[in-house]
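In the two assemblies presented below, chain A is common to both, partnered first by chain B and then by chain C.
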Partner chain A sequence: MAIATRITRIDRLTAVLAVPLLAALLLSVLSYRPNRIAPPEPRSLADVFDGGTVSAIIASAVLLTIVLLVQHRPAVRAAIVGLAVIIHVVLLGWGAQILMEGSAPAARVSPGTGFWLGFGALVLLLLDAIARLQPSIRARAALLVGTVAALAFVLRSGLLADLSLAAEYRGRSDAFHRATLDHLTLAFGSFLAALIIGLPAGVLIQRRRRLRDPVLNLLTLIQTIPSMALFGVLIVPLAWVAANIPGAASAGIRGIGMAPALIALFLYSLLPIVANTVAGIDAVPHNATEAATGMGMTGAEQLRMVELPLAMPVILAGGRIVLVQNIGLATVGALIGSGGFGTFIFQGIGQTATDLILLGVLPTVALAFLASAIMDLMIAMFRGQSQ
Partner chain B sequence: MIAFEALTKSYDGRNVVDNVTASFATGTITAVVGTSGSGKTTLLRMINRLIEPTTGCVQINGRDVSELPEVALRRSIGYVIQGYGLFPHWTAARNIGVVPRLLGWRTSEIEARTAELLRLLQLDPAQIGPRYPHQLSGGQAQRIGVARALAARPDVLLMDEPFGALDPVIRRQAQRDLSEIQHQLGTTIILVTHDMNEALRLGNAIAVMRDGRFEQFAPPSEIVCAPATPFVAELVGEEGRALRLLSLTPVGPHLRTGEAPGDPVADTASLSDALSEMIWTGRDRLPVADRSGRRLGVIERADILSAGRRAAPV
Partner chain C sequence: MTMLRWILLLAITGGLLFAPNLLEPMLRPLAPAGGPVLYNRATLSSLTGAHLMLVVMAMVPSTIIGLTLAVLVSRPAGAEFLPLSRTIANIGQTFPPVAVLALSVPLLGFGSLPTILALFLYGLLPIFENTLAGLRGVPGAVALSARAVGMTPGQVLAQVELPIAMPLILEGIRISTVIALSTATIGSTVAARSLGEVIIAGLTSNNLAFIVQGGVLTGCIAVLIYDLFGLLIAFAKHRAGIETGDQL
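Coming up: the complex of A and B.
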């Protein structure tokens, strides 16, 4: 009886995640390559650290697992796991430094399976603890800012300077900054353009029922065109525009480059924005719109004061889809010379240099996460008022 | 004064409102009673032009509403709908101030008016004003709906089943409050309801509607004493007709001079209240007092009984 109660008191998520968390200790924590395109050689904890440190790491991991199995208070769990994440990253930097000492400058060290497994398990535990805390909107915003600041601090501190990714970055910092700017322009520029066109279009077809199906069908059709095909299709007409319309070429419009990529991303953005605007306004309570009309609001006042604010969470949910989708799709634009993080990915594929690919992938993923989190916060702010 | 001139609305050749001619006196409550589909809501919505008549017209103080600008007309008429239609993303105070804001009042005026209305409806401005609709009880939301309709001091108030969503106890209170407010402000109210008891309680005049026509348009006592058609009689109900009539008549006009022992009844109480008190306390005559407690005279049981008789003067 007593044992049964003890078992139900054990934290279930920890019980599941204990497996990868402890298995991570036995796997390769770092991988070592004599040069950037050589095959990786696994390095276990014992290969990297001295005996005392290894024992300390294993002991702390086991202790952490046991504490998390029985400790249920979310605040305590969040603090402990947060500390564990920091130690995990510090150990990564330290281990890389140890391996690089006495190696040739061409040698590369990158995180191994064990690191990623442990890191993934810890992040899941951290997110779970934070979710259980049920933070207010303000606390979530603070947490987001804090995470971004911590990430920036770690990257600037030189803690991870010995990792292969940092080495790739050092050789290309100018190109990286240019790619960041291009990527942001592609993702957010097309998003803004889609908002400017899509929002009024959504309002229009919400009001004119006969236009609704043709417009939504057309946008759905566009959505089904593979991105590579759409980029390709746009090259011909844009090249023609550049050659024949005065001023177009000097404004940066060419068959390849930024212009076709922006247009393609804009087209992909329209469906989520337009469809969610229609759905959002449709979902406004009928007696709120009846009251608005009955009290003498003009159509424009009703839209501005009642319908758009109430539809905003749904419209922003469409915006979140668009941003995340565009940040991902913008990488493909590199194929037609639009710049952005995709440049590193395709270069890396060409050179079979995994680190270079990661230099394109990791910031893309981080940017998508960040955009999604910010949009989530905005949606929660709009919802918070009316519920 | 609001007047309907041969007002008709038809959908697909069927007359939902069928050639209604009637007028409603300024400063009174008219209750339009009918079953669902009788055309009563359509009738109401033609007054503020949410629906345009097929033929005929609506006049307010002698002016055809179809000649007035729609938006200005609606802002000058209070409108309360079933479920109230409060804007869920605005606080109670902001909901109340919506029409004044549309009319371009100064912020300080809007705030003062909002607080005044909240107090008029017995709500604490500091406590209820900042709440969002989902934080209000049903009774509070109903009162915010009424306050919002009254915000720009309209002369006319249209109400479509305004008490439909309230439980019986709160509904009685809300009805009393509405009577009280109408008395204070002198607003002309047209109220649509399917509940004959509500109509009898609130209306100075009652229009019974069926298939788009007025079956009877008369004061409540006449509706009870002399139903014009079997349908009206059925809505009123044959049972307890005398008691219902007594409940519509105040004690005041039936006073006699004299004195009687025991607790007094108020002069505004109905004859049925007085009779009930007589039965309960075993008395044949009760002293009557006004609101300040001054004795006005007595009410006799025999007078009450004759007031409830079929041929009684109204």
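Coming up: the complex of A and C.
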């Protein structure tokens, strides 16, 4: 009886995701263009691979679906789906190589609807399995390092070198490195500045209750201003500074460029840092501060040794919001000439070149994802320590 | 304080929309010599209308779908999708709005459509997350006693759970709307009609007067809408019986 119910209970998530997973096999897995701006032509599995390979791929996809429908143990699911993701990416590189072999060098191959659909379904299944595993902090750290290493290996190995995105990168590797540097400067520079100003400001308004509402209201107001408006309006005072303050222009301050973008990102960063510092210190248990006072700690010692360490998870949560937000918003800076990955995004939009858009979007998303994963780990570590 | 802020915001917005000529002398020093001071390719009021239209067209479906999804995964039948949906919501937040906008263009071409799609997709997450948080915050005893007095599950949802969760739901819609107002500005880079057009025109023709008109107007409208949601949230809290000292 127990065995019977176990077998009949099918995994509902798999039942839903089986639709895109199997439909992906019938759609265009790759798209082919005779040159960079020609319209894409769809290529199905059968157009790319020989009969034997196609049957093997279809058979493994069906088998995978059936196994996942009845297999409930998260660890097993994660292992199987992880393997499937790797095979999926290898097939992408191999397929692109096959299509490029008989074509002119100007031809371009990119992932098609089928690839993205299958990839999306697999990633969702993998994320679900990992979420159900509830991994420990150490396991999460290992998983993160493993994923980054695997990604770096795939990119270095040349497995995906035949894809259009790789060709787009090869033509712009210098610009790409410059954009990476600019993007990191924008996102992390403003983050650091916000920490230096925001942490003391947070501590101050936590102590002085009368200042609290006006400061937090003002910072909320700044957060509400649309990014393009703030980036744009900041050009005005900076152009004035560049024109009227001696030495400012030679120090690199101009109306447009890095300076207004850095200042705008700094202003946006203040609210999460200040508000979370206040909330974090507010949440420190009363008896902890009382014990510290009883031990004869001065106000500063108490802040440094008791309150800030206990508030750290909440402050770091504010830092996580800031980093993700800054990495995303830094793309808008490209509109005012600050550089960064946004340059490729807006150029790509202008030329309707999807690969160029992706060249800007993918590193931005990867960077934001990495920053948030690292911050999540740090928050979990601090939580573990303070308990 | 709040009244003063509203009067100021409304005066600036109204001035830019309906009496731009009054503001011309203030903006003139910012315009290039001999160049136009006031944006002249379209009226600011028509662009504001188009801008708000984009936001409404995206936020209505975002709210309906985000709310429905959150209700579904919080029911026993949808519990299996809960861990995954939270992971998606978490990861989805790391996607910058500009990325969603840029990737909508290859799918839908240029114009309003990709912008609305991006605003809609990006708006789902805060509404979903906040609705979920609001529904989970309903005390179990309250829902249970509502069942005990003979309410159907549907009645419990509509008459007990949603009203209690309403302040948080509105907070989610507020976050989504503020992001949408911002992203709609960037939508003008993919040829959607919005106030971003004025800022872009200022950037390309090096006309600071255009940038200030577009920037200040979008900023004021965003803050006004943010404050409007503040009033709605205060009202919803009052209805749900949550007493707070917050003004907004």
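Criterion: the second predicted complex is superposed on the first by the 378 of 387 C-alpha atoms of A that agree within 3 Å, B and C clash if a C-alpha of one lies under 4 Å from a C-alpha of the other, contacts with A are read in each partner's own complex, and residues count from 1 in each chain.
Heads up, the rule we're going with is that a contact is a pair of C-beta atoms (placed from the backbone, for glycine too) under 8 Å apart; a residue touches a chain by one contact, two chains touch by 3 or more.
Source: prediction; values computed, not measured.
Peer 1: Quick check on the superposition: with chain A as the shared anchor, is it clash or fit for chain B versus chain C?
Peer 2: fit
Peer 1: According to the stated criteria, A:Pro309 is in contact with first (chain B), second (chain C), both, or neither; which is it?
Peer 2: Only chain B; A:Pro309 stays clear of chain C.
Peer 1: After the superposition on A, what does A:Gly328 contact: first (chain B), second (chain C), both or neither?
Peer 2: second
Peer 1: Just chain B (first), just chain C (second), both, or neither: which does A:Glu290 touch?
Peer 2: first
Peer 1: Contact-wise, after the overlay, does A:Ala150 reach chain B, chain C, both or neither (first, second, both, neither)?
Peer 2: Neither partner.
Peer 1: Contact-wise, after the overlay, does A:Leu25 reach chain B, chain C, both or neither (first, second, both, neither)?
Peer 2: neither
Peer 1: Tell me the contact category for A:Met381 with respect to chain B and chain C: first, second, both or neither.
Peer 2: neither
Peer 1: Any idea whether chain B or chain C touches more of chain A?
Peer 2: C
Peer 1: Taking the superposition as given, does A:Met228 touch the first partner, chain B, the second, chain C, both, or neither?
Peer 2: Touch partner of A:Met228: chain C, not chain B.
Peer 1: Please give the least Cα distance, whole angstrom, that chain B and chain C reach in the superposed model.
Peer 2: 24
Peer 1: Would you mind writing out the residues of chain B in touch with chain A in their complex?
Peer 2: Of all residues in chain B, those touching chain A are 48, 50, 70-76, 79, 81-89, 98-99, 102, 132, 134, 148-149.
Peer 1: Once bound in the complex, which stretches of chain A touch chain B?
Peer 2: Result: residues 285, 287-298, 301, 305-306, 309-310, 385-387 of chain A touch chain B.
Peer 1: For the complex, give me every residue of chain A touching chain C.
Peer 2: 11-13, 124, 127-128, 130-132, 220-221, 223-230, 232-233, 235-236, 239, 255-256, 324, 327-329, 331-332, 335-336, 342, 345-346, 348-349, 352, 354, 357-358, 360-361, 364-365, 368-369, 372
Peer 1: Which residues of chain C touch chain A in their complex?
Peer 2: 30, 80-81, 83-84, 86-88, 91, 93-99, 102-103, 105-106, 110, 178, 181-182, 185-186, 189-190, 196, 199-200, 202-203, 208, 211-212, 214-216, 218-219, 222-223, 226
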